[in-house]
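As written, the chain order gives the labels A, B, C and D, with residue 1 at the start of each chain.
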Amino acid sequence: MRIGFIGLGGMGSAMARNLVTAGHTVLVWNRSPEPVERLVAAGAVPATIDEAFATGTVLSMLADDRAVTERLLNPAVLASAPAGALHVNMATVSTALAEQALHVHTERGLRYVAAPVFGRTEAAAAGALVIVTAGETTALDSVRPLFDVLGRRTWTVGDTPSAANLVKIFGNYLIACTIEAMAEATTVIEAGGLDPAQFLELLTEGLFTGPIFTGYGTMIGNRSYEPVNFRLPLGFKDVQLALASGLEHNVPLPFGGVLRDAFVDALAHGQAEQDWAAVTETARRRAGLT
Amino acid sequence: MRIGFIGLGGMGSAMARNLVTAGHTVLVWNRSPEPVERLVAAGAVPATIDEAFATGTVLSMLADDRAVTERLLNPAVLASAPAGALHVNMATVSTALAEQALHVHTERGLRYVAAPVFGRTEAAAAGALVIVTAGETTALDSVRPLFDVLGRRTWTVGDTPSAANLVKIFGNYLIACTIEAMAEATTVIEAGGLDPAQFLELLTEGLFTGPIFTGYGTMIGNRSYEPVNFRLPLGFKDVQLALASGLEHNVPLPFGGVLRDAFVDALAHGQAEQDWAAVTETARRRAGLT
Amino acid sequence: MRIGFIGLGGMGSAMARNLVTAGHTVLVWNRSPEPVERLVAAGAVPATIDEAFATGTVLSMLADDRAVTERLLNPAVLASAPAGALHVNMATVSTALAEQALHVHTERGLRYVAAPVFGRTEAAAAGALVIVTAGETTALDSVRPLFDVLGRRTWTVGDTPSAANLVKIFGNYLIACTIEAMAEATTVIEAGGLDPAQFLELLTEGLFTGPIFTGYGTMIGNRSYEPVNFRLPLGFKDVQLALASGLEHNVPLPFGGVLRDAFVDALAHGQAEQDWAAVTETARRRAGLT
Amino acid sequence: MRIGFIGLGGMGSAMARNLVTAGHTVLVWNRSPEPVERLVAAGAVPATIDEAFATGTVLSMLADDRAVTERLLNPAVLASAPAGALHVNMATVSTALAEQALHVHTERGLRYVAAPVFGRTEAAAAGALVIVTAGETTALDSVRPLFDVLGRRTWTVGDTPSAANLVKIFGNYLIACTIEAMAEATTVIEAGGLDPAQFLELLTEGLFTGPIFTGYGTMIGNRSYEPVNFRLPLGFKDVQLALASGLEHNVPLPFGGVLRDAFVDALAHGQAEQDWAAVTETARRRAGLT
């Protein structure tokens, strides 16, 4: 297929590269030029956003609601897109943005689906993401071959794009809750004179398997949060997206309130450049262990 | 070996039976007679608590702190035990009880180790428990062959018995946090018109694998909490043990405070006979979904 | 003085009327005509927003951030205001709006001060409000005679307008916390078979005096939340303003998280038309008392 | 009247002294001798606990559940008390202790009423306590003249002694909530560059009057918690009594969970000798202000 790809951060670059390797013609755009150059060296075609849209199928992987609004919900951009063009937004954005994006695309005769992903850059590079998608069936069918390149599995959760974002937001909510639960538990273990790393090794060996517990468990057990995979303020953004969705649907989220305070505490103590697993240090500070 | 086994509830019966099958001579005691009869039919020897202690090695699996105190920390019982007899307490009890038990045994020339287990009755029946143990090395070595029969893996976490209980309590704390996190997340998913079961299937397929997420996830996703594996008040007891340990070590536990309220709410709504996964209904009530 | 007054809700009408009575010439504007007619009958002058601004001194009392943004931060409105005109915003708005308003006024050569008030419509009618103000000293001095008409006391908290809004927001936060504390305490009192009204009478007689405890205490003690003085969603809006300010200044607010959930629960149970003291019913529901 | 008085701490000494001054014959006992000597110098009669009970009317003001259990629920002490003797327990104890004490007294033909007090040592010295009492009417009538000496007002809340303790515990709960609410609010005020003392002065001048807000507000506004009126661990004990009562009556207490963590945090940071208003420092630590 001939497609556009907007947004070449760590995730987007790995994804676009896989699409090139799979034989697709990929017109790429990024705010800064270096990632574009690297992709072009790998076989991609440099393009403007308009040119990307002109292919009729654009995948995007931008940082947040603001970037999507500014770059892709821009009236000038959408006005020049060909009728029926499809925009597949793969970023973690709010359900409110998804609803607005659907509206804006539809009223201009364009199509919009959401396809946020679970997985980090290594999973993106390995074509092993888990893709959660929602939108009009024919639109989804048309990009299924692309999803098969990018991920190891695609889940369709309905025909309203925002549904996929809700699932993604609350998947991340479970991850944030897991981090805080491990933080609290290991802080008592540490205060009791035992080894947090052994404690988590024991629990992740059979009860809590899978990459979330194993990956974050290693960081938290060792009180060492390198390398930074997901910066703390980004994790906090997702906690806030969850709280906002709770509000929208009138669902109290008491764990969410605790998470909010734990992240604020971390930011108040200068942890903005750390991985979100480092919110563990909030629990340790509260217990006077730092 | 010739050993005693005290406490033949669901877990204890399955464990004692495996020891018999493995060729050990097992003197069993239980408060009510039926479980004793069943074990005797399988090859065990009926006994008084004193006779069980007279073997020199007693494993116990009683319900809670109170039962242990009443049956096994009883001065009359301990006075008749032979010098150097070893008591292996495999129940989930408080760290305070473990400390007291060690003291009481030691001052009478007896030995005490803790060996609480992770796993339900099916795991117990299959000899597939995970055993967490702590205590004097020679004592632990002497019962290692028994642990090898009962569990698929034994973790030693030090020479102070209460350490094993702390690990067990905070393992259960992680489970309780997992249940509440899934309860909150699926309540927004449900309120947003999506399917909680699909949501959890998606997340437990690759990110959150392992029996805790898969097992409780199935219950919570389907809003169906049968069969009752672990009654809600027992889960609440363990949450309270965690809070008490937090207090002992001066560690705030904000998730624990949330759990406490969720369980109290469930008890206020007549859920005492349900599985602790049914604390999910508290989240649904708060959102007006019931 | 000759002044403009924008926004004639319950509070604004009472305030504008007092200014007329005190002999000032008051040009009034309101979205709907009835309040204007009543004020004109009392001696006020009907006006457009532009005419109100043309007096050089405008007091405003609009509903929320959105109404202020739409009506008064409107470029068309501000463009027609005479140089140096002073806008005194007496509504409870966010500190972010106050900062934006100061910026927008200043860049057009206009002046902006904040003067939110404590007190309900009866206090407004009696000229007994407590006014919290912040802004440029000469601006404040120029409207001091107006404040003396409207309130029994004026507190100046600095020269940055948003400071007054921060004080107002956290004054309301204390009120919301007081309501929730009384809700929780009286729920145990009720569950224990005692009389919540007597409990609060006892405590407000000597320890917790003053209108907040006495007024809300009467409602909460009697589980009767009439008349509606401050609708629950407005109270919730202020809780959210507090949480947002906490975020801005990196201050965790655990009571705020609890308030958030209590209000969301109330909204999920159809309490949007009730007084915010009725958040007490959330506490009673949790305990199975309703 | 001829009466006994057990427990001459700061509160008890002031109370016993007032009873002497009012002309009563007061037989006093205390664990340590100095307070007894001072009371005797003022006109009291030194006595054993048995002699105090022999008067037929004993008031007690001991530190906590443990002291009451040890000194006054002691079978030896109660066995020697004359039939129908009345014990008036004025300390803040748990409702469980009150229930047990009633049972123990009744089965021995003795009478027991609860009469905990609000007010500090200055109020005790001035005979200005607020007394909350519950118990059998004739018993209460018989000590009414004593209450009139000790307090400015007596509230009767039923004929079950524990009811008075429940009221006292949740009165203190309101105070603890007030402290935390002021702590959180003033922390944002401080982080926003404003003056916490002015903020609280403004709010306690008209909205939140009364000694709790004024007294603790002065401490909290000035971030200066001297003199120590009520030690932090004692305040924490009362928070725990409230949580236990919530549990007994199946009432979730989310503010109570927050208080628990705030006090644990304070104890983890070495604040055990400070006034409970100093729990404010927990809020400041969380925000990185210390």
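Details
The rule is short, and it goes like this: a contact is a pair of C-beta atoms (placed from the backbone, for glycine too) under 8 Å apart; a residue touches a chain by one contact, two chains touch by 3 or more.
A quick note: this is a predicted structure, and the numbers were derived from the prediction, not measured.
With every chain reduced to the mean of its CA atoms, the largest distance from subunit B is reached by C. Annotation: B-D is the more contact-rich of the chain pairs B-D and B-C, by number of C-beta pairs in contact. Mean C-alpha positions place subunit B and subunit D at a centre distance of 40 Å.
Distance between chain centres (mean CA atoms), subunit C to subunit D: 38 Å.
Centroids of subunit B and subunit C (each the mean of its C-alpha atoms) stand 54 Å apart.
In subunit B, 246, 250-254, 256, 258, 261-262, 264-265, 268, 286-288 are the positions where the chain touches two or more neighbouring chains simultaneously. Judged by the touch criterion defined above, the protein chains are all mutually in contact, each touching every other. If you check the complex, the residues on subunit A that touch subunit C are 243, 246-247, 250-254, 256-258, 260-262, 264-265, 267-268. Subunit A contributes residues 95, 118, 130, 132, 152-153, 155, 157-158, 163, 166-167, 170-171, 173-175, 177-178, 180-182, 184-185, 187-189, 191-195, 198-199, 202-203, 205-213, 242, 245-246, 249-256, 258, 261-262, 283, 286-288 to its touches with subunit B in the complex. Touching subunit C in their complex are the following residues of subunit B: 254, 261, 264-265, 268-270, 285-288.
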